Amino acid sequence: MAKKTQKDFLNPKELIKHIDIKKYSQAVSMVEDFSNMAYSSRDLARASKIYNMMLADKGCAVVLCLAGSLISAGLKKIVVDLLENNMIDAIVSTGANIVDQDFFEALGYKHYKGDQHNADDNLLRDLHIDRIYDTYINEDELKVCDETVHKILNTLEPRPYSSREIIWEMGKWLEAKKKGKDSIIYTAYKKGVPIFVPAFADCSAGFGFVAHQTERPTSHVTLDGAKDFLELTKIKINAKETGLLMFAGGVPKNFVQDTVVAAEILGQDSPMHKYAVQVTVADERDGALSGSTLKEASSWGKVSTALEQMVYAECTLAVPLITAYAYHKKAWKSRK
Amino acid sequence: MAKKTQKDFLNPKELIKHIDIKKYSQAVSMVEDFSNMAYSSRDLARASKIYNMMLADKGCAVVLCLAGSLISAGLKKIVVDLLENNMIDAIVSTGANIVDQDFFEALGYKHYKGDQHNADDNLLRDLHIDRIYDTYINEDELKVCDETVHKILNTLEPRPYSSREIIWEMGKWLEAKKKGKDSIIYTAYKKGVPIFVPAFADCSAGFGFVAHQTERPTSHVTLDGAKDFLELTKIKINAKETGLLMFAGGVPKNFVQDTVVAAEILGQDSPMHKYAVQVTVADERDGALSGSTLKEASSWGKVSTALEQMVYAECTLAVPLITAYAYHKKAWKSRK
Amino acid sequence: MAKKTQKDFLNPKELIKHIDIKKYSQAVSMVEDFSNMAYSSRDLARASKIYNMMLADKGCAVVLCLAGSLISAGLKKIVVDLLENNMIDAIVSTGANIVDQDFFEALGYKHYKGDQHNADDNLLRDLHIDRIYDTYINEDELKVCDETVHKILNTLEPRPYSSREIIWEMGKWLEAKKKGKDSIIYTAYKKGVPIFVPAFADCSAGFGFVAHQTERPTSHVTLDGAKDFLELTKIKINAKETGLLMFAGGVPKNFVQDTVVAAEILGQDSPMHKYAVQVTVADERDGALSGSTLKEASSWGKVSTALEQMVYAECTLAVPLITAYAYHKKAWKSRK
Amino acid sequence: MAKKTQKDFLNPKELIKHIDIKKYSQAVSMVEDFSNMAYSSRDLARASKIYNMMLADKGCAVVLCLAGSLISAGLKKIVVDLLENNMIDAIVSTGANIVDQDFFEALGYKHYKGDQHNADDNLLRDLHIDRIYDTYINEDELKVCDETVHKILNTLEPRPYSSREIIWEMGKWLEAKKKGKDSIIYTAYKKGVPIFVPAFADCSAGFGFVAHQTERPTSHVTLDGAKDFLELTKIKINAKETGLLMFAGGVPKNFVQDTVVAAEILGQDSPMHKYAVQVTVADERDGALSGSTLKEASSWGKVSTALEQMVYAECTLAVPLITAYAYHKKAWKSRK
């Protein structure tokens, strides 16, 4: 048996492609039908309708939260379409989605379909292939991604930055390099939608930072997580109402919820998030934040209980239907 | 019906208490028995033995990772006992565990047993009671916790800090105030064990930061997440071998795994984590980091596959047995 | 506050309605798009295609397995449409789906949307309302269902019956009474598709049996579970190939898988099930049958590994897409 | 590489062994500590105490329900010890636990530790090894088990039997053959504790039945599932109070719950099950029976809500602690 090479696993015919919800007008009727069924389908229908209410509510700013590895999974175009059509006003995400996956693809690289059942992870390592469940990544390409962040950091004036500022710089860089027209970072940059990554060091960007700071030990860019929090809180304060559209959970969910409390600390009387929707497979029994119910968040004064809905489902199944419903219902047409 | 007050929910007879593994010598034999059974019990037994191997391996630095809300759940004393007995060499955690829960208790406050089934979260909010699944917190006390961080930040020289540095300051503050002798922060401070919180703004500390930075807009403490990453990477580089003891998942799991890659970027040839154990209820099918297998981490060059074990269980059930086993096996006696 | 009555919960405007997949031709393209994504969406796409392969394979008999409470959840019409269009050749189910839910609706009763979050189950009991998660049932109507089975049994010649024979009698009864034209039992009766319920006493039918046998202690209908097994095994033996379309898991999954082994015991060389698809939220870690992988079933010689796919999803979300895909791909047009 | 044989997988040094709870007196104190913690540990503590209350309640009959594959997983001795010490009064189980696993071991065969990660299920099939997640079974031995049931059936007078009667015959057979002193079937036989398997054809016994009935087409033993239901209902009626100790869920859980309704049909006023405890990893969101809450069962009039507790945990972890607690608390000493 010939020794396997990278090419045996990274097959250009087996690329991950991003679903286009604009094609699925029947989602409206399907979601209506789901609202007369039971269990997760009915929950999904209610979540879809709540998202649509956010869009129909003139004073409402919509914050999209992303965790997990959703962009590598084929959900990038959905986020881009939401941006293009004014269906979200801010993004809070993990670094994996924004840097390792979206910026990575903006550089021209791709994700490949992989095999979770028969993966020999030691062999993959030897071949410089990284695995995310059923998806493969060319590790050498990912290093270019780290290195690109490193280079961008090197061009910046040394001072503390929020992740939002750095991601904005990445958008600017993409524009200058004429890259990534179909990326989240670039589209958000163009549309003026801020992107926050509260644990920004915990991704490909972190490697860029480590290189940058080690190279320039005395004067360098620093990453001020507190600044992110302050900036996001100000967005909360300036919005009349807010709605949360959360795909997965993790740090982004908590971060954006906490802005209600932070506003109070700043002496501002900001209302609880009026709408909240979360799609997750985490459950509440472990006491962790990802699976904690939105009702529980209400005890903390963060989320109003009236219009919240948890959907217990894996995002690649639920997100296309929820967003296609809202897209084809067209309430967003009257926004902005 | 008389109107309910805070006292009806925060019952001093219904406090959360922290389990003491030093009492449970029979855990050794029980875990041995588990190793001859099937499913999660056998996995738990193997994980316990791998943790014990880390302790028996002279050159091995053990990193404890904590996510979720484990300290409010009664696992604080276990962490303190691990610290006291040189059974861990660094901690990477979410902020909830370290600030909102450990530091909070160090200030003299308590967690209360609550009711997840019949909770009226709107009433709880009105009464200033925060709920974590089946646990209640006095929100007014939690605000004192935020405010205390704020005050500590005000005493620090304005510059970028890693979370580790700030938590060390919190330990020093506890010492000065003669508070929290039984806390993780204080014990770690005393033992010289560093604590990292990669998303440090995403907890009670974040509120302290928001207040601090708003009050002092031009010159203030900033929170450099990149510095944390660099510091933790240096610990990785300096250790001959490393073992990961992960309770829950989230950002801490990814953060510590990434240090292997960061070391490489620094031109250091640091081995993969030799041992790794994770207790979680997350599963791998959503493609997210928490539930990703340690074998998958091996494709990234982060964790060696030889001595890794996932335990699919809720931490309050599994952690007492795993740690009691290691404690009573006494391999740690020859450390340091 | 006025005392609540049944009417407050069983609202005729809040009926469960059954989704009609014939409307959703876009499912074909959506499932194709899912096949280029990751995680559950890609699994769902592969499962859909395998089901379509079963239908395209001339010699293949398709067995539908149902567990859980899927009919009360709005999936009845899907099963009826599969029957009408020759897309399944036998059904193996739990009693809940076939008797308590399908036969119940055939009698003219309905399921109502309920509330899983604020249900006061003691009050519901007092009001004769039974709850299945987020669905309500009129208990008095369910008793009519038990009683109807009782009456049908009373008309039968006393001897051992398979569940299939009794369900066939129920179909005949519906025809005679001109009831339930849109029911699974009636449609299967009309189309000559056998329905097996291996644990037939464990549902509304069991109550009918208890009444019947108590009333007629010496000479009565008995329920021969072994006969079911023998009959289903003969179906397996007579089919050139078999494919399993499993929604949920439980006893039906094991029962139909075991026919391969039973055939061998009867000295017949029957091949393993060639195709197998399962939608479930059970996972494999507990060692139970529902979540056991189809690869594991291969070690038992029951299912071929080549064309099997597990889909980890809640049925109300996944089943409409899988079946709509197969319906609109039209491979079934050339069957029978 | 030499071709692998059965011996490479069925290693006599890697046998599953059954845990002995009589050794673990510290479980009492550990469970008490758990009752002051949160999440699953606190739930487990409450469940343990409820089980102990059942034992302390003089008029209370305790029904043990078993689903999944728990006996092959090392929990057999626990059930035997519960039987020996009058800690249960009836058993309702799936066939896998009672026939394929307990009776199988009574014949002198063993279960082997296996490997869920690297299993090649096609190879296992070729080697006649059956896999249950991380456990291996010699398929040739399992066929002896089927065949033994067949032979026992051949000795019985042809008529309809409940599963209980047949299992009692299996106990008698074991006594005659001087086999299986440490088995559940034999111990239950000796102690006069009835065992019910509602879906008795759905296990190794089913193969025995298929062979028996095919061999003797006109006059044979039949399996009357309705008789089981009637017999169990009579036990319910004769007990002053009842308590359910449920390990896993499935058909046994529903079957025993339904006896309350069946009693009513028989015109007997039997109270709801007073105590109920369930250990499961199933969750309620799929609307299926296994994960349905015991509160939901209360809407059906089956289980009283006052003393019920779900424990979300895998049985091999939770069952040893719950039963060791009850054993060492000694309330059972005053029973019978």
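Going by the order they are written in, the chains are A, B, C and D; count residues from 1 in each one.
Note that in this section a residue touches a chain if its C-beta (ideal position, glycine included) is under 8 Å from a C-beta of that chain, and two chains touch if they have at least 3 such contacts.
Since we're looking at a predicted model, the values are computed, not measured.
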Farthest chain relative to chain B (centres taken as mean CA coordinates): C
B-C or C-D, whichever has more C-beta pairs in contact: C-D
Intercentroid distance (Cα basis), chain C paired with chain A, Å: 38
Separation of chain B from chain C, taking each centre as the mean of its C-alpha atoms, in whole Å: 46
Whole-Å separation of chain centres (CA-atom averages), chain C against chain D: 25
Residues of chain D whose C-beta touches two or more other chains: 38-40, 72-73, 132-135, 283, 285-287, 295, 312, 314-315
Sites on chain D touched by chain C in the complex: 67-69, 72-73, 96, 116, 119, 121-122, 124-125, 129-135, 139, 146, 160, 198-202, 206-207, 209-214, 221-230, 233, 248, 250-251, 254-255, 258, 261-262, 265-266, 281-290, 292, 295-296, 298-301, 305, 314-315
Touch list for chain B against partner chain D, complex: 15-20, 23-27, 29-30, 33-34, 36-42, 44, 72-75, 111, 113, 117, 132-135, 295, 312-318, 320
Residues on chain D engaged by chain A in the complex (per definition of touch): 38-40, 283, 285-287, 312
